[in-house]
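Here it is, the structure, as structure tokens.
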Amino acid sequence: MGPLIPLNDISEEINLLVAFLIGIGFGFSLEQAGFSSSRKLAGMFYGYDTTVLKVFFTAAITAMIGLTLFNELGMIDMSIVYVNDYFVRSAIIGGIIMGAGFIIGGFCPGTSACAAAIGKIDAMYFLLGSLIGIFIFGQTFPIWEELYMADHMGPVKISDTLGVKDGVMVLIVIIVATLMFWLGEKAEKRFKREDITKEI
Amino acid sequence: MKRPYLKLLGLIIVLMLAGLVFTSLKTRNKYRFKKPAEELHSELIKSNHFLSPQKALEIINQKDGKYLFIDIRNPREYDNFHVEGAINIPLPQILDDQYASLFKNDKIKVLYSNESIKADEAWLLLTQYGYENLLVLQGGANYWKNNVISKNVFDRKGDYDDEKLKFDISKIKSAR
Amino acid sequence: MSTRVILTIVFISFGLIAAILPEKDYSSQELDAKQLLHEIQVENYMISADEIAEALINEDPEYQLIDVRSEEEFKQYSLPGAINIPFEKLFDEESLAYIDQIARKNVFYSNGTTKASEAWMLAKQKGFQNNYILRGGLNNWYKTIIEPNEPASADDVEAYYEYQARLGAKQFFTGQGAAQSSGAKKKARAPIKRKKKKMVAGGCS
Amino acid sequence: MNPYLAGLMLGVVLLAAFYITGRGLGASGAMKSVVVSSVAAVSRDYAESSHYYSKYIADGKNPMKSWLVFEMLGVLVGGFISGAISGRLKFKIEKSPKITNRKRIILAVIGGILFGFGSQLGRGCTSGAALSGMAVLSLAGYVTLMAIFGTGFAMAYFFRKNWI
């Protein structure tokens, strides 16, 4: 029964080795998806390339379905799987700042590491920038502390908030996502930019 | 006989076989409890399954071969410190087949964990599962390390007993 | 057919399956030794003194405290609202009405943890649900709620809030400074609301 | 590669992460470890006295020996392997022809600063909070996702010259 590591008292070294191997898979998938290109990522916001939407939701849904089935087969104990703590204000404000960073810089931390690995110089500067950003946050933490800790809701699930079963929530997400895939492909046709898509 | 019937027959036979295999798998659950809860409950009321550190030290000093100390913590904790002569069976593996014969032998097995809580739970689990001759070391490895080994003194008050009340009730001015 | 259409069909059919499948509930199964072993490894049944204090202050009807010590001990001191089911009477007819039900969360407690956990293990073996244990029992209740220690360093924000909540709870339970009790009530709302006992670190922290 | 296939692959990796470790993927946490250990290397006393850094180096913990740091090392290796296979290994600055290299770099640094800051405030980035959170139906994950992409769309117009 999973999750394997927390339930089986596995040593730190193996845990870190697993982290490294999963990281390789993560980096490989990101790069294969084309996330090493900032213009491809930014294409999401201009409609000429909606790869981000497709990859993101396909991945989340695959994992979601997998977890649901594993849970049903008794292969994983969902009560120990990490669910992010929800702090209302910091999640929203943090998200807004990240959104601004995304459109200005063209990467997010994971994709910038991946792009830096294949030699994108802008990605390396983005990485440097995020280190500075984290440093600034660390230095000014007392200012943000109250905001950072405000409105703690605990590890809430969206299905609890909406009052539906987890399985139904999975179906809702899938339907919404498939509609977005359809819209995304329509947008790609409408806002086509051959000059950019050919280059990236 | 026409072929569709044959197919149907084959299907029924296969289904029955599968059903048989399935039910036999279900009934032969080797992990089912062998001792009913009520029986264990009355045993718990009647007898004491705890071993005090004093008694444990006597056993170890006399090198009494009747007893076997079992450390149910993880191997790292065991390597770090363990009671003299104890063997290590981490809690997750306690029901594994490889230890079945060990639990079935005549020795008196003394379980211990960091305190006595996990060891006591393991004691109940193993007893429910049908093993016998088990005891729990009171205070566990922490008490053993901090009091028995380092100071070689026992506080006579019996603080190793998890169920001893360790505060003065009169200090709580209950609001009720 | 495009990849999107295939994927849509596959995803929606899986989604339908997920929606139809009943919610998995581990506790409703009849347990065997292996499953009980899993339960005691995961420790979802341990409830902290902080959580109980918060529930008592807020008069949360979800919890029913059950004192498994003897009647004399119960009379000397017990937690507010607790009922007494001495360990010896665990399987009595009238006790079963309490411990074999699905409406409320029973929280067993004793002086320490072992007696309560023995009661819990027996109830679990019978397949009863909704039973929990107060971690550390009354001894730990006294240490954390009645005589809380100030956190060693002010760095840990969560520990600080926890301490504040405990001070509020102390006032509530000992009746010291009863005049401030409404203020204490407010203060005592512990910010920690963890459902899970065994936490996996995750996200980006 | 077909984005849907790549998404499936990423989903399988994510699922494996959940199955093996009980946690999802993450990225910004690794960078935080780098920052914390740099600060601690310059002045350990300062780091220990800070509200923010101290919890990562308490009890002689080494922030670099964390799950996410090793995962991110894997990402670098994985990205490199993939780039090598697909023949994309090349030093270059990617940008719209309408802007200069210098401007692109400055914007990348500014974007990075914002993202780094936001990821700390929001407790995770697109991978740790949004992607992993979505898979376990975490409300925080969906809220963060909507905040990131909502802002992205809202500000897209003002930065169009950088990209198209």
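All chains are identified by letter, namely A, B, C and D, in their written order; residue positions are counted from 1 within each chain.
We take it that a residue touches a chain if its C-beta (ideal position, glycine included) is under 8 Å from a C-beta of that chain, and two chains touch if they have at least 3 such contacts.
Everything numeric here is computed off the predicted structure, so don't read it as measured data.
Asks: From chain C, which chain is the farthest off, judged by mean CA positions?
Replies: For chain C, the chain whose C-alpha mean is farthest off is D.
Asks: How many angstrom lie between the centres of chain B and chain D, each centre taken as the mean Cα position?
Replies: 45
Asks: CA centre of chain B versus CA centre of chain C: separation in Å?
Replies: Chain centres of chain B and chain C, defined by C-alpha means, are spaced 23 Å apart.
Asks: How far is the middle of chain C from the middle of chain D, if each middle is the mean of its Cα atoms, in Å?
Replies: Those two chain centres are 36 Å apart.
Asks: What whole-Å value do you get for the distance between chain A and chain C if each is reduced to the mean of its CA atoms?
Replies: Spacing between the chain centres: roughly 32 Å.
Asks: Which chain A residues sit where two or more other chains touch them?
Replies: 3, 6-7, 58, 61, 78, 80-82, 84-85, 145, 153, 155, 166, 170, 173
Asks: Which chain B residues reach two or more other chains?
Replies: If we look for residues of chain B contacting two or more partner chains, we find 92.
Asks: Could you list which residues of chain D touch at least two other chains?
Replies: 4, 21-24, 27-28, 32, 50-51, 67-68, 119, 123-125, 127-129, 132-133
Asks: Could you tell me which shape the graph of touching chains takes: line, ring, star, complete or other?
Replies: If you draw each chain as a dot and join those that touch, the picture is no line, ring, star or complete graph.
Asks: Would you pull the chain D residues touching chain A in the complex into a rising list?
Replies: Interface residues on chain D, with respect to chain A: 1, 3-4, 6-25, 27-28, 31-32, 34-36, 39, 50-53, 65, 67-83, 86, 88-96, 104-105, 107-156, 159-160, 162-164.
Asks: Write out the stretch or stretches of chain C touching chain D in their complex.
Replies: 3-4, 7, 153-157, 200-205
Asks: Given the complex with chain B, which residues does chain C contribute to the contact?
Replies: Residues of chain C touching chain B: 32-37, 40-41, 73, 76-77, 80, 87-88, 90-91, 110-115, 117-118, 121-123, 125-126, 137-139, 142-143, 146-147, 172-176, 178.
Asks: Looking at the complex, which residues from chain D come into contact with chain C?
Replies: Answer in residue numbers: 2, 4-5, 21-24, 26-29, 32, 50-51, 54-55, 58, 67-68, 119, 123-125, 127-129, 132-133.
Asks: Across the complex, what residues on chain C touch chain A?
Replies: 4, 7-8, 11-12, 14-16, 18-21, 23-24, 26, 38, 41-42, 44, 157, 161, 191, 193-196, 198-203
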